[in-house]
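Chains here go by letter, A, B, C, D and E, matching the order in which they are written, and residues are numbered from 1 within each.
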Amino acid sequence: MIEYRNVGKTFADGTPAVGDFSLVLPSHTTTVLVGSSGCGKTTLLRMVNRMVDPSAGQVLIDDVDVATRNPVDLRRSIGYVMQHAGLLPHRRVVDNVAVPLRLVGVPRAEARTRALDALEKVGLDAALAEKYPRQLSGGQQQRVGVARGLVADPNILLMDEPFGAVDPIVRDDLQQELLRLQRELGKTIVFVTHDIDEAFLLGDQVVILRKGGEVAQVGTPAEILAAPADDFVRSFVGLDKGRRTLRIQEVDGQRIVVDGEGRAAGVLA
Amino acid sequence: MIEYRNVGKTFADGTPAVGDFSLVLPSHTTTVLVGSSGCGKTTLLRMVNRMVDPSAGQVLIDDVDVATRNPVDLRRSIGYVMQHAGLLPHRRVVDNVAVPLRLVGVPRAEARTRALDALEKVGLDAALAEKYPRQLSGGQQQRVGVARGLVADPNILLMDEPFGAVDPIVRDDLQQELLRLQRELGKTIVFVTHDIDEAFLLGDQVVILRKGGEVAQVGTPAEILAAPADDFVRSFVGLDKGRRTLRIQEVDGQRIVVDGEGRAAGVLA
Amino acid sequence: MTWFLDNFSHIRDLALTHLWLSIVPVVLGFVIAVPVGWWAQRHSRWRALVLGSGGILYSLPSLPLLVILPGILGTSFLDPVNVVVVLTLYAVALLVRTAADAFAQLPPDVLDAATANGHSGLQRVVRVELPLAGPVLLAGVRVVSVSTVSLVTVGAIIGVTNLGSLFTDGFRRDFTTEIVIGVLAVVAIALLLDGLWVLLGRILLPWSTKTGRAA
Amino acid sequence: MSSVFVEAADWLADPVHWSGVDGIPHRLLEHVGYSALTVAIASVVALPLGLWIGHTGRFRGFAIALTGAVRALPTLGLLTLAVLWVGIGLTAPIVALVVLAIPPLLAGAYAGIEAVDRRTVDAARAQGMTEWQVLARVEVPLALPLILGGVRSAVLQVVATATIAAYIGLGGLGRYLIDGVAVRDYPQTLSGSLVVVLLALVLDGAFAVVQRLAVRAA
Amino acid sequence: ACGGDPTKAGSDGDSKGDAIVVGSAAFGESEILAEIYAGALNADGIEATTRLDIDQREAYIGAIKEGSIDLFPEYTGNLLLFLDPNATATAPDEVNKALEAALPKGLDILEPSAAEDKDSLNVTAAFAKEHDVTSIADLAEVDGLKLAANPEFKTRAYGIPGLEKLYGITDIAFTAISDGGGPATLKALTSGKVDVADIYSTTPSIAANNLVTLEDPKNLIAAQNVVPLIREDATSEKVAAVLDEVSEKLTTEALLELNTALAGPSKPSAAKVAEQWLKANGFA
């Protein structure tokens, strides 16, 4: 369990990023922080592994304040996946995945074996293991990033818009892959995105944020759609624009669902 | 009217981009070319203003083969909007928009006045006109790109993933803006995207492409959803993954539409 | 040509000396400049000062430095150490800027990921920053190497024997062949060294697409 | 050591050294003159070539190899060769110095054009700019900081190396170095060096300012 | 064939072997003389090596003082001027006497040779005829005189200041060329860029180009007899005997011949030229 207790953050240069944020993230579930650019999602996420230290309040993991832990050790115990994969361009794919293991002293041979396992787990061909990151497509790189996040089998996985930079078709694949993995592994995942569709797909718990890390609404996707807390949420999830207000239309004997903007959204089963 | 007649393209380095492509794009409508990365969308689009010359077949505008026209003049008569706006970083916003006018000899003062009109048309504040592109957000830059494409009032507007690089919320705005403009202006628009949702929203006619510029299906969005031509189309539009197979679920007394992956898609009106 | 053959062993001796006088400053310069450049990059307040002094150092004309140095260092007049010191100074002056730039252009998200994965400060510098700066550093070394090989010849004016001696000698004897051979030999050494650096780059930086391009 | 510096200060303070053909103002003017002439000639040769290579992308490999090889040419060797061929006077040192100045100018020009975002260039062409317009209105303005960077290092190298040309009889500030060394007048050598260094620093500073303005404009 | 490993020069002074190290300045004649000294010593069973091409007198005098070089072919007038910048002696005997007195501790000169190589002022035959000059004194009549020489000519007593003081020649346009009266200086003269050029008197190009060497009635230019400069602790009777014999056999004409040979079409090395002279003079 991860808990934010009245957390605030003002950066050294005076930028206020987070005002007063409190939240409990249950273990073995996925919590998605969603909000538009600059609202403080990344800042909140990075407080968990002390890449950012809060200027007020505490972040607790299983009731232990992370501020009491050595940051390097803490980071080694938590998986981290980010938008541009952040792979080391000078290391082969398998060595990239092995990094978290090597850092905690796992011998090279064993680290590579486990790295290969992790690559397989995220659906990457073993043939790619000996390539360099730049020889991979964007989607493949993201998978490598996920493999690296998982390789040391951490309890917590932080994911900062991990699929933000890949094209929609690959993104769909990666999302499905993550859902599958999570069913298998049951990690505690903190996931950051600004795509509400992604949030609704992946999140057991979705946290919609306003500027300054202020919580607009917390709940399951269906709860949020059924009872949006206010106009901000309504607009954020698209209920105001007609994207979410659907109606049914007959075409060629099929019942096509069309949204308020006239876009065909799908076929009613 | 734009017409592709058995068009093919193999690049100088031997890359085959388009095999044999034929299509008619009616005037005053929006045709969207949609397909995954590398399928030849950009190549096809750029044949219209001779940024690429086909290695086989012809492209005709109102029955005139573009190959017979001077490329520089041709380009000046066609609007072009691209993914990374492609603004000149060393020119102010208003001067960027004025470029197509200045190139055909419109005097500076008049060009700037018309550029300001165009900026207003795409919903940009006049206060931004004297800024440099890098001082604008991504979404604002894209609007400037659209303004530049429209400023010379061309009959044809080519748009190559113009909203691909902005975040989803801004993208929604831009798409709405474009729909509004098109209702007003009735240009012949060729629009390239790899986002099927965008294609369904904007396209009067949607062309789904396979690798090599091969047409998988042409039709209105509803036609395609109702009767996908084959498994490739079915999968491409998401009918196989459950994204498009919707069902209805009651939450808090509301009828929530949920897709096959369990994601809440909207509320039934 | 016959002159070349007749004097082959002499030219070879000069070439070997020349090679030696070129390699030492480049290597020393690299070893000194990389940490300084790294440090300057880290401390933006000092960056301008360090790079500025590098610029000043580099604009010092070589000839007077060579003459004044023995008085300052207490070295012998004929001591090639003078040449080595002057050329090392130039190499440091050039490479400090390169090194600072090399560390400045490291992709921030890669560094961020490295930290987030649990690299300690030193681990990050050694395992991530240094290798990633490699291609730019290599490009810098190549530029310095070429100019050093060419600058060594100036030492001949004050009596430090090297391939430049063929210029002064040929000049006094009105013997262009000797000068041309000297020029060719200098260019050959420059290319040879350059090839060596490229090869070293291929071995040490196999992942890099470009093995460094002269800036 | 310090005594040399004191003597140099005395030398510089001596009004005798500030007048006549061998006075600092005259030598300084000569030096600036040679350097300006050299850079002007080299620019006329190298800049258009560099712009063309950068714009078309043709002969890029050739340009890289050429600048590399030319950089390796020892200036002293060129000076002595040139003077044996054409005799003393302005021609020999100017030729050698022009050769020295070409690589940075060429590299600055083609690397500058190359560094311009291809998408920007593509967009400019797609708006209907002719190749000339693309070069003059888009590529050159955007490449200006790097082009100026090339000019800056060419100027500094020429100013520093022009001193060596005194070895083959050229005037300029190098005279103080060569003459001073010849008669072991180290105060004179050092003073000359100081003036050269000062000149280099002033020019460097001036270029830094111009370059910053160019960056701001770009 | 010549030159030691320069990277070791710094330490040569401390760990000097038995071999006598003969140095030379960076011009042909000095190199030949050094090779001759070394060759003659070796022929007599005294081990000697060479360390050629040292450009500045200050550099090699320093090297001799610190012991990295033992023996050096010098010229009396220039050496004197170096050791005592205020020296005024110009005639050979006076110069020798003054030189003995000016030598620093630890250094010695042996018997000077009759062979002499000194600065000489030359004009082209055409110029000589046009302006009717045969002596330096005649130059005073020429307006706007242009002169090329080594840079030191500008300040040395035998140079511009002397021309003004002894011969009353003023307003000389001076071009400094650091080739010791070599090809660039010669070209400047023959091409008419300058009127007068300072060229060492044993340079073959003087005769080859029909240059007129101007007389020096007022002894402006000091005597420059070849003389072995040697470290005291490197010298011995045997060494002195060998070198004295060399000095005796050397003549000004011999220097000219040696230089001519060196400039020959095959551009032989100094060592080869020296070897021939040694053979011809019975040192082999």
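The criterion applied here is as follows: contacts are C-beta pairs under 8 Å (C-beta built on N, C-alpha and C of every residue); 3 or more make two chains touch, one makes a residue touch a chain.
A quick map from chain label to UniProt name: A, B = ABC-type quaternary amine transporter; C = ABC transporter permease subunit; D = ABC transporter permease.
Note that the coordinates shown come from a computational prediction; the quantities given were computed from them, not determined experimentally.
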Review point. When you check each chain against chain A and chain C, which touch both of them?
Key: none
Study note, to complete from the structure: In the contact graph of chains, the distance from chain D (ABC transporter permease) to chain E in steps is 1
Revision key, fill the gap. Between chain B and chain D (ABC transporter permease), the Cα-mean centres are separated in Å by 49
Check your understanding: Counting in whole Å, what is the centre-to-centre distance of chain B and chain C, each centre being its mean C-alpha position?
Key -> 52
Review point. Taking each chain's centre as the mean of its CA atoms, how far is chain A from chain E in angstrom?
Key: 85
**Study point:** chain A-chain B separation of Cα centroids, rounded to whole Å
**Key:** 30
**Study point:** Where chain E touches two or more other chains at once, by residue number
**Key:** 56, 58, 179, 183-184
Review point. Which residues belonging to chain D (ABC transporter permease) are in contact with no fewer than two other chains?
Key: 83-84, 167-168, 178, 181
Point to revise | Chain pairs that touch, as defined at the top of this document | key: A-B, A-C, B-D, C-D, C-E, D-E
Check your understanding: Taking the complex as given, what residues does chain E use to touch chain C?
Key -> 1-3, 5-7, 9-10, 13, 26-28, 53-56, 58-60, 62-63, 66, 68, 179-180, 182-184, 186, 262-263, 266-269
Exercise for review: Would you mind writing out the residues of chain D (ABC transporter permease) in touch with chain C in their complex?
Suggested key: 1, 4, 64, 67-69, 71-81, 83-85, 107, 111, 156, 159-161, 163-164, 167-168, 174, 177-178, 181, 186, 189-190, 192-193, 196-197, 200-201, 204
Revision key, fill the gap. Residue set of chain C touching chain D (ABC transporter permease) in the complex reads 55-56, 58-65, 67-68, 71-72, 143, 146-147, 149-151, 153-154, 156-158, 163-164, 166-168, 170-171, 174, 176, 179-180, 182-183, 186-187, 190-191, 194, 213-215
Check your understanding: For the complex, which residues does chain E have touching chain D (ABC transporter permease)?
Key -> 56-58, 148, 150-152, 154-156, 175-179, 183-185, 187-188, 191, 193
Point to revise | Residues of chain C touching chain E in the complex | key: 2-3, 6-7, 9-10, 13-14, 17, 20, 75-81, 156-162, 165, 168-169, 171-175, 177-178
